[in-house]
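Chains: A, B, C and D, in written order; residue numbering restarts at 1 for each.
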Amino acid sequence: MKQEFLNSEGSRIIYDLIKVIHDNKQYLSDIDGAIGDGDHGINMNKGFSICEQKLKSDPGDLTHSLEILSEVLMKDIGGSMGPLYGMFFAAVADACRGKRIIDSKVFGKMLADGKESIVEIGSAKVGDKTLLDTLAPAVEAFNNSVENGNNFIQSVEDMNKAAIKGRDSTKNMIAKLGRASRLGKRSIGVIDAGAASCCLILESMADTIEKILE
Amino acid sequence: MQKVINDPQNVVDEMLEGYIKAMPDMIARTNNKRVVKYKYAPIADKVGIVTGGGSGHKPAFIGYIGRNMVDAVAVGEIFSSPPAQMFYDAFKVADSGKGVACLYGNYAGDNMNVKMAVKMAKADGIEVKTVVANDDVPSSPRNSMDKRRGVAGEVLMWKVAGAKAAMGAGLDEVIAAAQKAINNTRSMGIGLSPCTIPEVGHPNFKIKEGTMEVGIGHHGEPGLEVTKLETANEIAKRMTGIILPDIPFKNGDEVAVLLSGLGSTTLMELYILYSEVYNILIEKGISVYIPYVGNYFTSLNMAGVTLTIMKLDEELKECIDYESDSMGLRQFARRKK
Amino acid sequence: MQKVINDPQNVVDEMLEGYIKAMPDMIARTNNKRVVKYKYAPIADKVGIVTGGGSGHKPAFIGYIGRNMVDAVAVGEIFSSPPAQMFYDAFKVADSGKGVACLYGNYAGDNMNVKMAVKMAKADGIEVKTVVANDDVPSSPRNSMDKRRGVAGEVLMWKVAGAKAAMGAGLDEVIAAAQKAINNTRSMGIGLSPCTIPEVGHPNFKIKEGTMEVGIGHHGEPGLEVTKLETANEIAKRMTGIILPDIPFKNGDEVAVLLSGLGSTTLMELYILYSEVYNILIEKGISVYIPYVGNYFTSLNMAGVTLTIMKLDEELKECIDYESDSMGLRQFARRKK
Amino acid sequence: MKQEFLNSEGSRIIYDLIKVIHDNKQYLSDIDGAIGDGDHGINMNKGFSICEQKLKSDPGDLTHSLEILSEVLMKDIGGSMGPLYGMFFAAVADACRGKRIIDSKVFGKMLADGKESIVEIGSAKVGDKTLLDTLAPAVEAFNNSVENGNNFIQSVEDMNKAAIKGRDSTKNMIAKLGRASRLGKRSIGVIDAGAASCCLILESMADTIEKILE
């Protein structure tokens, strides 16, 4: 079992991500429809599909793939997801730029920087019923796991569990930010769309990394 | 999904195509295919008026491009803010050197994207100032007004700012007029049926027959509560009851009223509703200086209405009375009596 | 039935009430509560333009009352011709002594009622001449054109005649222009969903999901056939394919195009469809002198569209370009280039 | 069994008619919806209801009631029904004006004149799929029956049967007049709305007359 992988083999993570978002397009839009405006899945999918096209003619390592994804989300997609995930993937790319090898320490930094950039642009807090409720605990769980001496695979698995728990925690939250915030108690009972997509993203990343490391 | 479309993934581009073909004397493309401008923009020595937002609200946003109205629009996907790059490109085609007023609605995506675009423009030496419409009363309580959504009040904001800019005002004056317009404006919506995003293919949410969604958002966001479907008169009472205390409007006020259908509500219904809104205003000593009744800001094919009321002063009246020519709002200068 | 109304039996009167409150500078009541007129009618030394018909087609008919447009309208119940008395009263308030052009659509009820009203007016010494719009191609074969229904082509007929009358033409000239307008105009409709008469409370008929009614009438009358729901491009091809050979239009022609939604079809869809209609016309060497895309003649809340094409000559162009101010059609005089 | 009734007791015919139309408002609109525009029942009912109101404050004999009905249909209702039934009832009223007693001969003339006036204003022919397909054979049947020496009751029963047969005959007709005329074969299979309302009118008249005579 490996404890690191090459940046050059990491683009697979993005290809798998693209597929996952594609497969969950309707699911994410339907969740968004319940208390939002129903466009989350189609927007995400539009961005990730354009990225797939671009990578076809301009493939590269993980850093490169993350950069392309970030650029497409920011330049072509817009919505809330453009800036939020756009900045996220830009920061994630920054943290592995120039690194030939990605180990759990590097990956931990990628996640942490990604999270920071989302907080910076969106100023959400945990408990606001946003994607941060998935991302923040997941990032923390990963880095704690690494710190506690667990191996890379164990750490992504811990991240995964925390992500799912975080996503599910939004179900009983009252939305404090964004479209659903005035709903008050009516926002209870539905998972947040961004929390769901963020969970899919982290799960997919964990999955691919495990496959690469095995 | 009973819609006259081709590829559900491509509705925005195809719609733009048709719009530009239909309005060759009014609208022009730019280098960014998602940015369209008034044919004569930038207009020398005039502040540029820019807006933008997600699609699906026809005539908003592109329908308000025109003479003495909006100069350039950034066109997003259905219900999705355009990316920063598009806002930035819109600023560039609208700027005559006198600066740009970016007047948009208060949504997470638009806020983030406009903020980034303004930074990009600044680096280029283009001065951009913004006003964020937050006229939708039910979307947040009075003590957190900054969280309120922008809805059909945006149309009146564009009208006022477009006129002000056409009169030759500087950027700060245009921004001040637009901000005053929004400060003086309150709106609320009622939803009677859901809408369907073409690419999703089925309704976004449900509204049970015999009920209505009070305070619904322009994208079908749930509102304050679901009640039984009321009569037009009861709806008029409910809407004015929520809007009027919020400023507060008072005896002797003159107002502009904008009553917009949400997509599949007929003009017949709008006029029936307007009749009672008018009665209630008169009863409170508020006189309607100018009414706009029609489809000014829609939500795809949703059934329902939004009511917008703007308190006028002399400056706002002068702007509202100014001649304007756009697809969504075409108005002759008011004839003196 | 998810509608913003009060008493389903009283929608027409309440709608009129609201309309008159909303347009105090444009519209006035008359002694007959179902006859409304242009505020300044009768206009001295101008031929009066009168129309009328069943309600449920907003902005038609009352929305076309205005400056250089229609002078008086007889307002029927939903989908029902107004009685003769109303047409007669409309003639009276529109006549300045120069005669009245009654321009209406070809329906059994309207024909009978107008005929009786003209007789009543004659006895009074009011000269009334009529033009009966029959622009709806699918409603009868070419060899029995006189049976064809009048649909959205009526709007262009009113525009032309309204302008002609405003230019000072006599009754015969106005009638000749209106008749030419209709002779040069062809329309057809496609229905994607039924409509609901408020008092009936349920849809008038059914259109199965995934199908469309080709050649549907303005009241939901069945058309030529039911086909599978086509794309916008296919619909454009089908509609032009039925309309264009009927005059026939030919290479080098200049046309006015009116593409109207039927009630719950969005502007987005109309522009997508217009884009392809435009392409087809260009391909055939037919140029669009002026397009009207919007909700000009609806059928309650029906989903669907009507396409109307009018072949222009110099006289018709002059009339079409004439300034007009009505709720349904507001147009600045064309700026010379 | 009587062979005649007083004009002064005949207004009952109109009151019963009003009720029948009221009860069949939805039925008539639904038939009209199939190949027409769906307004037939509500228009008829609107007219007959206004007539009911007027008769309350201004009651009178059969002739008077028919006149009021005709006036309301023509002045207040419009549509196709305003002129068609308006003229019909006007002619029917004319034919009994000044008659103290209505016997089968007078009634036969009322029907015949009514029919003539409809043909005059609408120029329909039997077979066009209109109300004339009910009215024409019914009127003929009544007058033939009288001519053949049958009593008043027998004659209205013969009229009734012919009306129903006439109405049903429209089902398999191709519409030649009015809204449905371009439908071609698609107009087959549905009864004509006007033929249905005309049948209700004649049936109701027959019914009331029988009751009066019995």
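In the analysis below, a contact is a pair of C-beta atoms (placed from the backbone, for glycine too) under 8 Å apart; a residue touches a chain by one contact, two chains touch by 3 or more.
Since this is a predicted model, take the numbers as computed values, not measurements.
Comparing mean CA positions across the assembly, the chain most remote from subunit D is A.
The distance from the centre of subunit A to the centre of subunit B, with each centre set as the mean of the Cα atoms, comes to 33 Å. Chain centres here are Cα averages; for subunit A and subunit C they lie 55 Å apart.
Note: centroid distance subunit A to subunit D, computed from Cα atoms, is 74 Å. Multi-chain contact residues of subunit A (touching two or more other chains): none found. Residues of subunit B in contact with at least two other chains: none. In terms of inter-chain touching, the protein chains here are arranged end to end in an open line.
Inter-chain contacts, as defined above, occur between A-B, B-C, C-D. Against subunit A, the residues of subunit B that register as touching in their complex are 9, 54, 76-86, 107-109, 112-113, 116, 138-141, 147, 149, 197, 199-200, 204-205, 215, 217, 219-225. Contact residues of subunit B toward subunit C in the complex are 2-6, 11, 14-19, 21-22, 25, 55-56, 58-59, 63, 190, 192-193, 207, 209, 212, 229, 231-233, 235, 263-276, 278, 291, 293-295, 298, 300-301, 303-305, 325, 327, 330-332, 335. Listing the residues of subunit A that touch subunit B in their complex gives 26, 29-30, 33-39, 41-43, 46, 74-84, 121-122, 177-183, 186.
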